[in-house]
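In the two complexes below, chain A is the common chain; its partner is chain B in one and chain C in the other.
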Partner chain A sequence: MTATALSLVDSARPARAVIPARHWRWTQPALVIVAGVLMLGVVRPAVFDLRVFTLVVIYALAAVGLNVLVGFTGVVSIANAMFLAVGGYAWARLADAYGPGIALVSGLVIAVVLALVLGLLLLRLEAYYFAVATLAVGSFATVVMRNWTSVTNSDAGIIGLGYLPVPGLTAVQSVFFLGIILLAFALYFQETLRTSSVGLALLSTRFDAPGSQALGIGIAQSRIIAFAFSAATAALGGALMVQLTGGAFPDQFSITHSISLLVIPIIGGRGWRWATIVGALVVIALPEYFRFLDEYRLVAYGVLVTLVALFVPGGARQLVTWMDTAWRRGVSHLRRKTTSTSGAPA
Partner chain B sequence: MEQVRERRVHGDHGQVTELAYFVVIGLGIGAVYALSGLGIVTLFTGSGLLNFAQGDLMVLGALTAAGVAGSGHGYVAALGAAIAVTGIAGLLLGGLFALPLRQRGFDIDVVVIGTLGVAITMTNLLGIWFGREPERIESPVASATIPIGNFFAPMHYALMLVGAVVVFFGMRLLMRRTDLGLQLRAVAAGVSAARDSGVRIVRMLIVSWLIAAVVGGAAGVLVASVVPVVPESATMLGVNGFSAAILGGLANPFGVLIGGPILGVTESLSGAYLNETVRQAVAPVVLLATLLLRPRGLFASRAKARTV
Partner chain C sequence: MTTRASRLVARDLSLAFGALRAVDDMSLTVERGECVGLIGPNGAGKSSLLNLLSGYHRSSTGTIELETSGGVVRLTRTSVARRARAGVGRMFQTPRLVPELSARENVELGWVGRGGARRVLESVGLPGGRRLARARATAAVDALTRVGMGDRVATQVAEMSVGQQRLVEFARAVVSDAQFLLLDEPFAGLARRARATVADVIAQLRDEGIGILLVEHDLAQVRRLADRLVVMDHGRLVQAGPVQETLTDAEVIKIYIGDVELDIGGAPTGSAVAVEPEPVKVHAVVDTADASGSMTPDPHAQTAPVDPVLVARGVSVYYGSIPATHEIDLEIRPGDALGLVGPNGAGKSTLLRGLAGLLSTRGEITLHGSRIDRASTPRRFRQGIGFVPQSGTAVAALTVAENIRLSWLAGTRRTSYQDSVDRVIDLFPEIGERWNAHAGSLSGGQRQMLAIGRGLATNPSVLLLDEPSAGLAPALVAPFADALVRLREQQVTTIMVEHNLGLVRASCTHVQALRSGHTVWSGATADFDDRVARRAFLGEDDTRETNELEPIEEAV
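And then the complex of A and B:
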């Protein structure tokens, strides 16, 4: 545990700043919005590509909370497709009747309340047992979705769903735009959380639970906060997902999707601020462009997931850090060389 | 489990014999869950890893055996082939999961994601190799039945119970009476302490994966005579195995042997007297209820489940 923790905080390099850089609160959401606007206005991808990118944005949004849960507190949940479903079905049932705002917010609220209840009940468990418990919750949710016909219309699903139109944009573009805005908000919140005392408390429980408990941090409470946040972003993502596909079906919210959601922050690098965007690009977009692999796509995906978990547990971020350290080492090496040849004291 | 309904004979009969019939069926199905759970518990007590791919190992065994049996070989040959193939898979997985342990310990999320990745890989590979048609294996005791009043329970259910008991005692013998078992338990108790006492960690990890995979493979072969198996059955088999394992206590093979049948009987009875929806919900609900009320399992061992 401690050995892994050490490798993750990268003990080889001295910390650049004690307080995490606060400017990312603004710069990261701004960069995301700029990239999104450029995508719509300048790049103008084909419809298929835009659909893929929209799905990437949706998954990146849905996984932001899970990034906080897994990356900050080290707790693993295999039930988050359930919160996708809550958001999705809330949109499907309420958007036409009560308007898009009510639909989005009610999905969010139901998901958060559900997460709080589940968290209160289950987060007292040790992390392993919690993972198994969420697996049970996830499979129970699947049974509910398939059988609660009055709400979910079981396997036939609810079709013909509307989307939130943005003036001057097509359907997919509107969903993409809304996704970008919500993603920017979620990322802002993620970064605010990380630099707040609550976020630092969460981080401390991950690396040294007894130690943080001794400092007066309630481990269960902080984990519940993170779990509720993971439910909130997943519910937003679910609402967007049914807007993109135009229908809500139990198959969209299966355990497979819970696993995808969980894999996204891991592949990106749990706890990293860019983790869900990088992870969603790998998990969602890459398979779409590897169609030549045909049925071996998902096999390759599974192998990638296992290999990343076992050998690059820091995900894409670890690769970035490796390159960064190599670059720095190279630069300082060069600098030393040039100074020594010019005769100046190092 | 579908045949439970098919074999339900309607006619003039006592309610008690009907109940007894469904209990016997439930015990048999429970034996399957116990076998699935035993695989999970083997790995947990042998290495401290929680395997989310156990269902896939069972499916691998079942589909291999179905292939061999389908090409005209006998049941024993099919079982042997299944054990050989899952054994190889276990060795490979053990090697893979042992590699990173040479430098460091495991985080929980790494284990969960790693085995989930194995599950994704295997489900899809099995779909490609064996197709997605449901496969069945003709039981060696297909013609024999156990008479219960007017009902006739297939003898195979008894065979599954026997299988679960045999595997349990085999494991108990290994874990309690051999040096290998002692070393396995040492690894599960703490990797670094075990390493300091001279236990070969990598070797032990591979051994425990091997045992878990072989138990899973044999269990899969037994299951395939009762439930038609497709690659996607793995999730269901895995969840039920976890339910049985947690119900009995994750670190306690005896608990699994009891927990599986409890789960199976509950499922069988709720399927018979309530409806299919309730039957599907039994395993996850039992699992959740156990975690809420008695997280150490019905037969609490010393393993702790709560930190906070």
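And then the complex of A and C:
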């Protein structure tokens, strides 16, 4: 009667789900750089394919911050194409005059300041209302881009933009290489943030916001940090995007692109350290390789995304977890088999 | 934190939710190294007071101060996070950890408010932060070792039992350097051995100089840990003083277990009904005697061939993963009325909600011989379970008639709508008079009648009533008891959770007493005397928490 389903304090539960100590933080960035170098040096894809992969890298980079915002703090923003635009136009206006370094950094700084101001204003809202408010802000940003002619040159856009050349590489290859380097850094910061006390605080606000307050964690403060990080990576992505296309146009930074950015970490598996790379491959590269389906391309793609949302809500990470458990089960099954057969004759 | 806080002082705190005064002019002091027990019935305002102290609600009056060696820190208008950083920790009724993180990472969360600029270095992966991270991890492991969880450092919290999670929370409180801990029912949902371990940890923290405010219904633990007691009811201070004296105080006993000797009108302001209910009371008591004599068989006389309507076997009701009742057995025959009694937090209302299918359960529940424990709530209602929750039952924007109609539609429809209406009006003529009024315009007593009327309109085989007398003015309790007796005459079987023991005695044929999710006594109402009630409620001579309750059953 007393020993019911409640297991006691010192019951012998197997510590199955043991979380390993901190990951070596350079592992993932190093893998990304190695993959990038192999792509340029060994695989040498055709121009079209390289453009697609460059776009994947750019989106993966731009979405790293959103992965933190959505995956760690559970807050959704539909305005991040605005930060892409900030990075893009900063590059367009400043790269020639002041050099690429200034252009990259100033785009990043402007985006972060903008995010801090917006965060202070909007993040007092409940998470859902914040999402709606960012939608409004994102639409407003599109209007600004179309009408602030002195800076954006309206719909005609700013054309003939340069890129940061890497010796011995073509234009697209240079952008790809720069993207890989920046992505590696962004992933490094994503991982250090996750394992730091700030990152732990972000995680706890997603899980239980009122409860985390009782630990001395400021909810608004945590969310603003994550929002600013999402603006920073988006600004870097924007700067690369205009280098790839050679021009900056309002159409590159529409609400549709905000939604693509948001879908990337969700498809990949919110908060997972590989989420944006996997997500960008699915969201950016896959539609391009569905071109053989002609006009059914987007239909097929839509069906696929819907199926994922219905059956694999955890994104690609969930698939990986399934495969991992299946693998482990298979291994332990095999091991049992071999021990039983080796034990039998004796 | 360089200064050590010596005292947490709250003066004249008040909190109102609309017209309800949840906390009314409460003052309280917690010293370093002392454990203050805060007890009181449900809705007394205990959790609200904790919310005021930790900053989740703002007090409309008064002050909250932390007296430290370096002067007085005013907390009255500060945020939850700031108070936590000042050293006022809060623990909630259910463990609130991040399930996907390891025990150590969860404990490290207690530290995140500290570290200053080095936190920034750490979050961008610079060397200054690495030292901080190492110090934090070491502190977390030390704290886990101190609460006896040293071997579970790397275990994911989702894999842990409630007791283990509770201990991780205590480790987190240690790491956060809390000077004062506000504990909201830390023993809720814990089994006996886990209770002992958690009690040891609390005692240890207290002895190390942390001031503890303990809200707890398990009086055995309160007796063991508290240095003094504060008793609340209706948001006000009722009594404060040494543990033993306070627990034997007449007024405290009255609040906590209802007036054991009471007549039907024995609510706190019993004098108001002293004249009126006398005849009703006699009527009701006669009826009870009559009922247990002829209409319903005595439980000891096993000759009755009547099959039970509702049988529960080994029912455990869960809040998430926390079992609130442990393998309860229960049985009721047609026309009987079973009163579930016991101290707050015993699992009475939980059991009712489990029977109604509103909470997940394990064990067997059969109605008229067929299993219903896997059925959804609407299905159970159609099969003959009626449930009247404690509050907020009627749709305020609909009329009384529409509310009754709604319930009839959801129920078994064993009788026609008109017959159901007649029955309700017959039982509660007052409801009939307000037939076309909006439910929101009814008085508290009328609302309660409507709630029960709605339960009846479903034509249930078994009607579950959760605190039917709650919110009834004392003057209404006697007529209400009378109505319940008449209900039984109509062969409606009822199970009620009720704090007013007078009402239980007057209207129930059987009594089952619960404490800490276990049945501690069950039998006919006539055998439920004051001595049994006292032991069932207060757990007197029960500090060791072994199985000495069996003797009660034998003694009866």
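In the analysis below, the second predicted complex is superposed on the first by the 295 of 346 C-alpha atoms of A that agree within 3 Å, B and C clash if a C-alpha of one lies under 4 Å from a C-alpha of the other, contacts with A are read in each partner's own complex, and residues count from 1 in each chain.
As a working rule, contacts are C-beta pairs under 8 Å (C-beta built on N, C-alpha and C of every residue); 3 or more make two chains touch, one makes a residue touch a chain.
Since the model is a prediction, treat every value here as computed from it, not as a measurement.
Judged by the touch definition given at the top, the superposed model places A:Val299 against chain B, while chain C stays out of reach.
Legend: residue contacts after superposition of the two complexes on their common chain; A:Leu122 is shown touching chain B, with no touch to chain C. In the superposition on chain A, A:Gly74 makes contact with chain B only, while chain C stays out of contact range. Looking at the shared chain after the overlay, A:Asp49 reaches neither chain B nor chain C.
When the two structures are aligned on the shared chain, A:Leu310 is found in touch with chain B, with no touch to chain C. Using the contact criterion defined above for the overlaid structures, shared-chain residue A:Ile217 touches chain C, although it does not reach chain B. Residue contacts after overlaying the shared chain place A:Glu288 against neither chain B nor chain C. Note: residues 1, 3-4, 7, 219 of chain A belong to the chain B contact set and to the chain C contact set alike, using the contact criterion stated above. Listed in rising order, the residues of chain A touching chain C in the complex are 1-11, 13, 15-22, 25, 188-189, 192-193, 195-201, 203-204, 207-208, 210-219. On the chain A side of its complex with chain B, the touching residues are 1, 3-4, 7, 70, 74, 76, 78, 121-129, 131-133, 135-137, 139-140, 143-144, 147, 209, 219-220, 223, 255-256, 259, 262-263, 266, 270, 295-296, 298-299, 301-311, 313.
Across the interface of their complex, chain A is touched by residues 54-56, 79-82, 84-85, 89-92, 96, 98-102, 105, 108-113, 115, 119-120, 122-125, 129, 132-133, 136, 148, 152, 154-156, 158-164, 167, 172, 176, 189-194, 197, 316, 318, 322-323, 326-327, 362, 518 of chain C. The touching residues of chain B, counted against chain A in their complex, run 50, 52, 96-97, 99-100, 103-114, 116-125, 127-128, 235-236, 239, 242-243, 246, 250, 277, 280-281, 283-285, 287-288, 291-292, 295, 304-308.
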